[in-house]
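Worksheet: one structure, shown below.
Chain nomenclature is as follows: A, B, C, D, E and F, assigned in order of appearance, with residue numbering initiated at 1 for each chain independently.
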């Protein structure tokens, strides 16, 4: 069993706010992240799949194809977008990095070939904060 | 003459658009960067000052004080903000990284001690794009 | 279950020596790391907690609060210090990075809210050496 | 149980090709990686061993000794080499990074002291692609 | 005057050898880099152009267009290639990184718009070795 | 004229203090950096030499030889040392990174071949602070 990881990049705007709360409560809980005019990040996404290397290709999964799938279902959807406004799969959710990584998992798991097992996602929001999700 | 550089970080939203142009022309020229709902970045700012090391302290300029000044006049003004909407010194300018670095220079040059010579700014917008400005 | 990691930085001096051994044996076993006048490092500490994202905030645990707790119980205690001399929780232990990461775990595990589960620590001593600890 | 990781570097040439296939099929499956005149990479290898810190040294395993063993059995064998042509343990295998990491594991597992448990290898082929192997 | 830099990546094989010398002399002078079966690297190329930000776009030069030009004239020519064998502009030259960066300059300077001034190239061969060239 | 840079690493302890001042004044001016029991850093040193590539080798200066000279005159002298106590060329100086980079320049300039022109040094003290020196 070998694990292969492809790293992709996207830039996006977002804000943290809960529509059930007052502006004051949003600012109290989310601080600067609640700025109503948005802020943004360079996100780094690590996508890890696992499997046995194929006898004929030596590949667990072709990293170029993996990149193409991530591009189609994730980074083309998120890059240079507003995560709260422009991204359908985040509608109705608090736009935290925790909810974002779970949303990306849902996008990917249904769009990888049946033979390819999605193992982990890692998502950097800043150089000092990242989340990981294993579908559990 | 020794050069000392302090690196600081901020996150912000922006978009590239020229208010004299139609939405179509903005999209033609600026592509994804013109998304009307904004996008954003983790910016890394390198501030370089130069001078002769002081005999008593060994410092060109105390890096902690430099950090405090950058924080007061730049990163507190830009961090978790919308560069087009929230930042006074960018009003009326296209919000490109080129114009941003010149704007940051103006903020800093008047707020450093007379004895400290601002030499260069470097500003990363993404891990693969940065600008530099020397005040010339 | 989502894992969120916050990275913090500290600088410190230390040396590797076993007080039960002669200076010669310390130098034989620990090499340059036994220099009696100390050496030092820029340490990078990764603190990972895990949990389910909160319905109202989208957070596993607020990364800013996590940073504040790491600062109070770890980096304020270690930053710009001599790990052998100045840090109470390392007294009587060989000041290896392995023992240091276990000591940091003990500091953190009792000072996080009961609802927050500490999952892992990763500690870089140089850009080419790091340790990990999971409390097991 | 503490995990300690040492990172080492090597540069090498390789190509992806399956000798049972025509040149056309190799190019169809492997794309640019099948260039018959080779291409190459700066590889970064992370070697992780695990154990309990020794009472007398504070070490799971001396990182300098670990570096020496990796050098003798892996990087001296691979550095500035052609992985397909010059490396005996890759003969008869497709020279993918997945097969390479498994081959490195075989080299290391028999050449570490009995008391040292090899836990994981991570191998970067480019800044955006890496594999991991746990011997399972 | 603002400087904007775009970073691009390519992987390639090469060797250092002087065809006027014996194999022994090549190995004496170039060491492991003379391996007749080639070795390779992940190269990082920094391309810096300079100018005044345009009033209407805020750009010195559109970073996306710069990327497209670098791709067409440099990275498509070098990526996944053998620098000695496959790259016409390196024929008859020792394939050192110094000669490579000068060759890349020649490729770029004639293929940028007349209004765009090429200022500098920086080329990393390994994480610890890079060259710079200013066309002088 | 091509510039080639070699990056080397060393770890060391130091403190900032002026022996002409009281302990209180040292703490007031240098803050945590004045800790009498020392602190330390992982230093990254960039050494840049310049020249025309040699016709026969393609080299401005052999990067391996440059590494050997830096090792002999700089990193062997500084690595795993106390900069204030163990390093002769820092005696009688405030042990700031500004004074350190000038001291390293003095070590190198007399120990490079006459044909090799030392152009610049860059020295990182932390990931967010570095100095540069050009011998002027």
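We adopt the following convention: a residue touches a chain if its C-beta (ideal position, glycine included) is under 8 Å from a C-beta of that chain, and two chains touch if they have at least 3 such contacts.
This is a predicted model, so every value here is computed, not measured.
K.L.:
Among all the other chains, which ones are in touch with both chain D and chain E?
P.N.:
Under the touch definition, chain D and chain E have no mutual neighbours whatsoever.
K.L.:
Taking all residue numbers used at the chain A/chain C interface, answer same if over half belong to both copies and different if under half do.
P.N.:
Because under half of the interface numbers appear in both copies, chain C and chain A meet with different residues.
K.L.:
Roughly how far apart in rotation are chain A and chain F when fitted on CA atoms, stated in degrees to the nearest 5?
P.N.:
Value: 180 degrees, nearest 5.
K.L.:
Could you please state the distance in Å, as a whole number, between where the Cα atoms of chain B are centred and where those of chain C are centred?
P.N.:
Taking the average C-alpha coordinate of chain B and of chain C, the gap between them is 33 Å.
K.L.:
Taking the mean of the CA coordinates per chain, how far is chain B from chain F in Å?
P.N.:
Roughly 29 Å separates the two chain centres.
K.L.:
Where in chain A do residues touch two or more other chains at once?
P.N.:
Residue numbers touching two or more other chains: 127.
K.L.:
If we use the touch criterion from the header, which chain pairs count as touching?
P.N.:
A-B, A-C, A-D, B-E, B-F, C-D, C-F, D-E, E-F
K.L.:
Using the touch definition from the top, list the residues of chain E that touch chain B in their complex.
P.N.:
These residues of chain E touch chain B: 1-8, 48, 53, 56-60, 63-64.
K.L.:
Once bound in the complex, which stretches of chain D touch chain A?
P.N.:
So the residues of chain D touching chain A come out as 16, 18, 20, 29-31, 93-99, 101-102, 127-134, 136.
K.L.:
In their shared complex, at which residues does chain C touch chain F?
P.N.:
Going through chain C, the ones touching chain F are 9, 11-14, 32-33, 35, 37-42, 79-82, 85-86, 126-127.
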